[in-house]
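Notes to accompany the following structure.
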Amino acid sequence: MSNTPSSTPAGSGEFRALAEAIHAFVAEREWQPFHDPKNLAMAVAVEAAELMEHFRWCSSEQSRAVLADPRARPEIEHEVADVLILLIEFCSIAGIDPAAAVRAKLQLNAQRYPVALSKGHSRKYNDLQRPDSTTG
Amino acid sequence: MSNTPSSTPAGSGEFRALAEAIHAFVAEREWQPFHDPKNLAMAVAVEAAELMEHFRWCSSEQSRAVLADPRARPEIEHEVADVLILLIEFCSIAGIDPAAAVRAKLQLNAQRYPVALSKGHSRKYNDLQRPDSTTG
Amino acid sequence: MSNTPSSTPAGSGEFRALAEAIHAFVAEREWQPFHDPKNLAMAVAVEAAELMEHFRWCSSEQSRAVLADPRARPEIEHEVADVLILLIEFCSIAGIDPAAAVRAKLQLNAQRYPVALSKGHSRKYNDLQRPDSTTG
Amino acid sequence: MSNTPSSTPAGSGEFRALAEAIHAFVAEREWQPFHDPKNLAMAVAVEAAELMEHFRWCSSEQSRAVLADPRARPEIEHEVADVLILLIEFCSIAGIDPAAAVRAKLQLNAQRYPVALSKGHSRKYNDLQRPDSTTG
């Protein structure tokens, strides 16, 4: 059946191996009915917030020390993993090849953020001064 | 120098290749100063919310159709990629091997969510009825 | 001193009373140094995700029942309060009058979402078919 | 009918006035079917992330300057308003009195964060050293 959720992880190599491990975990527990795109996108955002929570009250400089804190570090690794697990599962459901999506987006970003215009600052692409810009 | 941000992506295979491509992209634009753990965790959460935005007002059932919408689909692929790019970059900065973190978390989840107790429902592990539970 | 954080809550009435109670709570604990706009915006997003977490795996229809669950309900009320506390504190720091901001945004939304074009669907304002639209 | 969505905003004063204005806006556009607790919690989180986006790459110190930026400021006010609008609407749907919820949570926080244990640092309440703590 073609649209059984999570039945055919897209992608290859490491991502595919992880997607299959996640798929087996989900299937054993019969959790597929909960794993529609809406719920998975919410779950990714919930886990991303849990990762962020560790850095909520520290400064950017202090945030490197948080990573080295022996109590926080394993939790941070688990939060990273949770985001990744749910994102890979989202990709399986959606038929998205995660590594291919990253490569395509890096190419788009290379056009949006030409080195000459982007160096050393963090302005968004639609705020960059371009030679052909009407706001230039 | 060992703690130059983003200098030594952890992990191997596909993740390492992506981490290196991201690192080169960031280095060319001299964006390393912005990429501390706090900022990257925020950025992951921002992109996760942009992914979620596509599914905000639809039902879970409709969310599969959203994925098939020719206008929404490429945007969804880009949002997935943005989350993944920033998460891989976070891992590079933090010295976390993403695939190893996923495998370790799946092992922990297998203990937290024994098949017999977890089948077919979505209760959180600390709400599962266990034989040895004092609330059982 | 003019830029003491949180010293002059904007707004009036109920919002001002809450802003002052929050301000006193923060000042007693000497937490002002943590309450810059960046940290508060992160904290609002963290609490918003905790509110969302309660509805992650249920359907839209089931989400009304979640609200009535005697275990979930008090937690949901606390999460709502956490978002509101941090948002009001953000407004105090930023000199934003929350109720005035809401009224101004409702006016803008009324322009962006004319009743005739918006009735019964959830398209974003830049996707609405307008008589003067070049994409119409 | 008692459980018509959004029909009876809880609360009083300013919050009630805003809840009624939001309710009228929603009703005119027949958007009530989209406004279940799950969708509204997602929408709150999406808007919270849009607020946060303005502070993603700046430092905590720079974030005060972002607030003063004439291009960013009106957008930040709109994002604050969007979070608040959706949170007030969530409260209307859920029968939560927002101001009462804030006062109840501040009382709970006062117990969780006694001044003597909380002054000048940002540790979470379950990490505070208490005289009666078994981990003390």
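All chains are identified by letter, namely A, B, C and D, in their written order; residue positions are counted from 1 within each chain.
Everything that follows uses one rule, which is that contacts are C-beta pairs under 8 Å (C-beta built on N, C-alpha and C of every residue); 3 or more make two chains touch, one makes a residue touch a chain.
The structure displayed is predicted, hence computed values, not measured ones.
Enquirer: Any chance you could name the chains that touch chain A and chain B both?
Expert: C, D
Enquirer: Tell me the angle, as a multiple of 5 degrees, of the rotation that maps chain C onto chain D over the C-alpha atoms.
Expert: 180
Enquirer: Taking shared residue numbers divided by all residue numbers at the interface, is the value for chain A and chain D over half (same) or under half (different)?
Expert: Same-residue interface.
Enquirer: Could you put a whole-Å number on the gap between the CA centroids of chain C and chain D?
Expert: 4
Enquirer: List the centre-to-centre spacing of chain B and chain D in whole Å, with centres computed as mean CA coordinates.
Expert: One centre to the other, that is 25 Å.
Enquirer: Got the chain B residues that touch at least 2 other chains?
Expert: Each of 34, 39, 42, 45, 48-49, 52, 55-60, 122 in chain B touches at least two other chains.
Enquirer: Based on which chains are in contact, what kind of graph results: line, ring, star, complete or other?
Expert: complete
Enquirer: Okay, in this complex, where on chain A does chain C touch?
Expert: Residues 34, 39, 42-43, 45-46, 48-50, 52-53, 55-57.
Enquirer: In the complex, go through chain C and note every residue touching chain D.
Expert: 3, 12-15, 18, 21-22, 25, 28-31, 34, 36-39, 41-42, 44-45, 48-49, 51-52, 54-55, 58-64, 66-67, 76-78, 80-85, 87-88, 90-91, 93-96, 98-99, 101-106, 108-110, 113, 115, 118-120, 122
Enquirer: Could you pull out which chain D residues touch chain A in their complex?
Expert: 42, 45, 49, 56-60, 122
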